[in-house]
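There are two complexes below, and they share chain A, which is joined by chain B in the first and by chain C in the second.
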Partner chain A sequence: MSTVQQETLAGSKSAGNIWVKRAWPWLACLVIALLAPTVLSSGHDIHMLSSMAIMMVFALAYNMLLGNTGLLSFGHAVYFGFGAYIAMHALRWSNNAVLDGTGYGVPIELIPLVGGLAGLFFGIIFGSFSTKKAGVVFAMISLGVVGLVEASSLAFTGFFGGEAGLFGDREDVNSLLGIEYGRSLTVYYLMVFWLFVCALLMFLLRKTPLGWMANAVRDNPERAQFVGYNTTTVRFMQFSLSAFFAGVAGGMFVLVEEIVTDEAIGFLLSGEVLLAAYIGGIGFFFGPIVGAALVVYLESNLSSISDAWLLYFGILFITVVMFAPMGIVGIIYQQWFNFRSGGWKGTIPARLYCTVTALIGLLGFICIVEMAYHYLRSWNPSAPMTLFVTTVDTTTALPWLVSVAILLVGLGLMLFHARPMLRRAVEAAGGNK
Partner chain B sequence: MSQGNALTLSGLKKNFGRAEIIRGVDLDVRDGERHVIIGPNGAGKSTLFNLISGRMEVSAGEIKLFGKPIHNTPPHKVNRMGLSRSFQVTNLFQNMTTMQNLRCALLWGMGHKYAFWKLVNKQQEVTERAEQLMEQLNLTHRRDVPAGLLTYAEQRALEIGTTIGSGARVLLLDEPTAGMSRSESDEVVELIRQVTKDCTLVMVEHDLGVVFNLADRISVLVYGEIIATDAPENIRSNKAVQEAYLGTEVH
Partner chain C sequence: MLETITYSLLNGLLYGMLLFMLSSGLTLIFGMMGVLNFAHASFYMLGAYFAYTLGMYTGFWVALFLAPILVGALGAMTERWGLRHVHQHGHVPELLFTFGLAYVIEELVRLFYGTLPMNYRMPEGLDFTLFTVFGTSYPAFRAFILVVAVVMFVGLYLLLKKTRAGLIIQGSLSRPDIVAALGHNVPQVFMWVFAFGTALAALGGVVGGIHFVTEPGMAFMMGPIVFVVVVLGGLGSIPGALIASMIIGILQTFTLSVDFSIAHVGAWFGYAVPPDHLFATLWYLDSTRIAPVLPFLILVLTLIFRPRGIMGKREA
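After this line comes the complex of A and B, so read on.
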């Protein structure tokens, strides 16, 4: 029996069921997004939530290149940045129009769209030559382009605002819905709206002929040519569309921050979006979403807890690249799949033991890093330092010895006792990892 | 005369540096025939295919597909003009399922091009055609298995399916039975017979059983030159061919 028939049969019987199955992750995300501000309600938290929404759109756009088309870009912030700058100019122009009473300007809800069109425009320009080749050549050109643009951002001060950047005001703009966007919570809901629109569009894009052929070009460019597709055109179109969504993220950024500086267009942000997409998992649609949330959370919270946050961030990235190339979502998916097929049966104690020893090792490592930062960077290394629940003096040997001991015990137990134990348990349970 | 030709090669040459691989090939492939190219290892058979399909640039000479020049044209354009090829080493989208591979092969030919405003799964025509193909290839039960996990014989069948999927009228098959057992290769030959009914077929093949079974005409390529093109029975009795190639294998 053909599957078309099966599909239509299933459709007539339980169309509702299939819709629920497909839509529940989206609905769950929407509920979480809408309810998040009730838990994380401080000004700082809501700003963080908005930043997450922006980063999610940006990371999803980035993954259209890396995950879907196999293009590794080191300079995707260029399109985010141009989106942000042009959206900022649109915002300022609208500010003036409203203040002068001379016109209507661009309504605030559509400012991200302006950013998207700007991203698309520059994506078409830079993509026209950078997508001729994939692989190393593409990566190098992307690096060149971001260097070029970052350098010009300080040279052309009229457009980029120089080092001070450009300011705008989201309160003095017309709104399509007649809403005042002064409060950060209101802006957050606008961000959620754009996030869902963009995420849905990018999700659907993966299922179009272009999205399919992007995968085909990633996996086997030669065969893609021999079924009639120009690989350069496929890459170029994916690139331009990705730049559009990156630009939308830039436009969203303008509304939240009301300021754009050269940080929005440079190397650093380009690297950050790569990290976000990769840590989350480039092989999964939801990967970059999780990655973006984590990266923004770490940036906005870990940085206030620890001076060494960038170090932890780097280590996290290296760990993911080396031990879990499918990313966080990949691990969760794999374990869930495993769990569902009964792979956890009889191995749960071993798994717990393995996790706990790893955490103990991690604790020792964090203690050493924190004390080292305190010892090397503080004005007075002998000043008492708060470390978790205790207070230590980093100029004495005891805390160091204890920390190293914790690290060695944790790591040693995990590597030489817990892991072999887990392996035996898995083998005994039927060999499923 | 040239109206009846699907593919015309004239004065075709290819050299890599100073090594001449194809040294002046003239060949007419008639519309609708099954033309097999045989020759010893290193004779340049695969290079010839690479030149025809646009994978390599020619050094001299020309190739015409239904009278239109196609040499030095990029592969995707050659494909759109109605020539499709398979590969000696299986060349599929390994991570995609059987169904997805076939759909990818069908998309361009069915006019969907680079569309990003419609969903692949909603294109009933593509789905139906892919299922029909899958039926012909005997791969229906392997619908959702990634190509990389199919057996070798199944991969070869899918390779043929992907090649004919684009709706091309001229097919180049590069050793479709390479590395197969007798019974597997018989099945593939039967499959080729069935699915290429209305097409012109150019094939490279080593297995002489397959060659004489399938071919309408045979060309013998030796050291970059075609030394004979004729019907199977005449090739069998051709002295030059026997000396150059068949003598050691046919008794």
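After this line comes the complex of A and C, so read on.
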């Protein structure tokens, strides 16, 4: 986490073309986001891209708590969900107003803002008592709140629409710009707009005194108090603002899906956003963005290829927690830093060797898991199964033996040959890993 | 009325005892290591599935002992090669590790056993009616669950209060640094407690899997409720866990079996809210619909007003 501060400190020293330096990742992301639908142009892909934008806003909002303030929440979907439900009520109200011709309603572009205000409202209510303490108490209260809200979503059917959920129509609404939002591509560009507005706001929020104090409260609450800040107030403000952005994500969700069910408010989504932010890397601003993109991609593509996607997902998460707590962006950043400072000199072959053996081990592991699913879960285990380039019969021993051999060879080489070799090479080059 | 009360009490007692079996291990782990073990209910589920599989070969009675031992061994491995490794990064990664573990265990259970409920039945020796109240029979198996839970409570209490191992565990609960300074291997104590706690949860699963349903969703059903019990009872307190389990168990069963809403209270005073009123939903809300909300309400209120729970010595 301190690397971020070092980065900004280093950035502020080298003046000159500082704005170009700071703005290029944003511009690159904007270009990618705008051009993405030309490559991924099918309906399924555009829906996936929109979902990514929503999840990115949500994960960034979540990271305002976990990464910046050090508050671990198990129930942030509450604010996403309330944002989504109230935005949906606003959408339905606008639908009626337009269809009856009785009024103007809420313009479609501002529906996410309605969700955000709803998130802020509930964030203030729940935050007022849950941010008194940090740590495990906060985590437990967030768990209690999400349980409370999820259980009551089935009790209060008038507001939550019961098990069927609530429907709305994004076409029968007025638009500020006079645009028809029937096509999913048009909605995608609206999502990109809100994503960039929210991401920029959240990024700038980190640079305000509140953002810096949130870091201080995370790292050393006693000292923050000693400087004269009320830690509860800092936590409460971060919490409410984070709930606001989560609510915006909920409002965006309404426009893409046009339906809200209790899935939007419960334990599962809360867990998903935690996984997304953590896998991406909570110590970096871009971490949750990468994590969200990865999670949504895996969810929408891997789930159609493999039954085992949740298993892979859980194992990926555990691996990140155990071996790379700084997340994917953290690893990339560390290696990039290392590369720039010349740490890769003379060690590139060893690094490549290490990566290749790890990938071989991973291949063996995936083969075993896929065959296990086929053998144990399909109706006819002896039916031929397509595994990468070959077709295997999982009831015979041969493919199993080959897969186990690949796994053991890959893993064994990596642990007992490649890694010591890399360590020696690094020592010989006289650098750190 | 008396019939409903008696029956709800009996069922609530049973549910409470099952909750106690899960929460006693968790409260020890939580109190000692400060780890909110999200995978605890997953070990409960593993207990049920292992007992089902073992029972097909060895019969129920052997499985009753073997399944918890197996799950306890798994728990020891989890602590030794997982949690201990993550421990150096701090409390949050520990928590996240168990969170991910719960995901993986559920998926593995789905992989090996499928999503449908298992045909996990009680042994024939216990399949008879113990007694009959108000024309409804009380199965002997439910009494058996109560006996198992009581034996467990007494055994646990004696172990913690009367043996040397219990003394060390109690010491490690409050001051692990001093216990280590006295020459005890505290990480190893942690491992044993984790193994023991998961074994207790598995024992709960062996009987709970028969009483409820053995299916992949059973861990998720119990998980959050067990946290409520542990927080309400107070961290690290076995008697507290027992009292809290009873409170939650009986409260849940009562609200589910009694048809009640605020409208009933209003009716006694001859007052009713019109059906189109703003608060009509709340007014006519059935207690059966409030039942799932109650444990979480209790959790939040406990953490706000009495963070150390009923019997706990320190705050969460």
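By our rule, the second predicted complex is superposed on the first by the 417 of 433 C-alpha atoms of A that agree within 3 Å, B and C clash if a C-alpha of one lies under 4 Å from a C-alpha of the other, contacts with A are read in each partner's own complex, and residues count from 1 in each chain.
Following the convention adopted for this analysis, contacts are C-beta pairs under 8 Å (C-beta built on N, C-alpha and C of every residue); 3 or more make two chains touch, one makes a residue touch a chain.
Everything numeric here is computed off the predicted structure, so don't read it as measured data.
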item	value
Contacts of A:E222 with chain B and chain C, given as first, second, both or neither	first
Which of chain B and chain C A:L200 touches, first, second, both or neither	neither
Which of chain B and chain C A:V136 touches, first, second, both or neither	second
Touching partner for A:L415 - first (chain B), second (chain C), both, neither	neither
Touched partner set for A:F317, first chain B, second chain C, both or neither	second
Superposed model, chain A: greater residue contact from chain B or chain C	C
Touched partner set for A:L154, first chain B, second chain C, both or neither	second
Intersection of the chain A residues that touch chain B with those that touch chain C	none
Touch list for chain A against partner chain B, complex	2-4, 204-205, 207-213, 215-216, 219-220, 222-231, 233-234, 237, 241
Chain C-facing residues of chain A, complex	72, 129, 132-133, 135-137, 139-141, 143-145, 147-148, 151-152, 154-159, 267, 271, 274-275, 278, 308, 310-311, 313-315, 317-318, 321-322, 325, 372-373, 376-377
Interfacial residue positions of chain B with respect to chain A in the complex	53, 55, 74-76, 79-80, 84-85, 91-96, 99-100, 103-105, 107-109, 112-121, 124, 127-128, 131, 143, 162-163, 165-166
Partner chain A, residues of chain C touching it in the complex	34, 36, 82, 85-86, 89, 91-93, 95-97, 99-101, 103-104, 107-108, 111-112, 114, 220, 224, 227-228, 231, 281-282, 285, 289-290, 292-293, 295-297, 299-300, 303-304, 307, 315-316
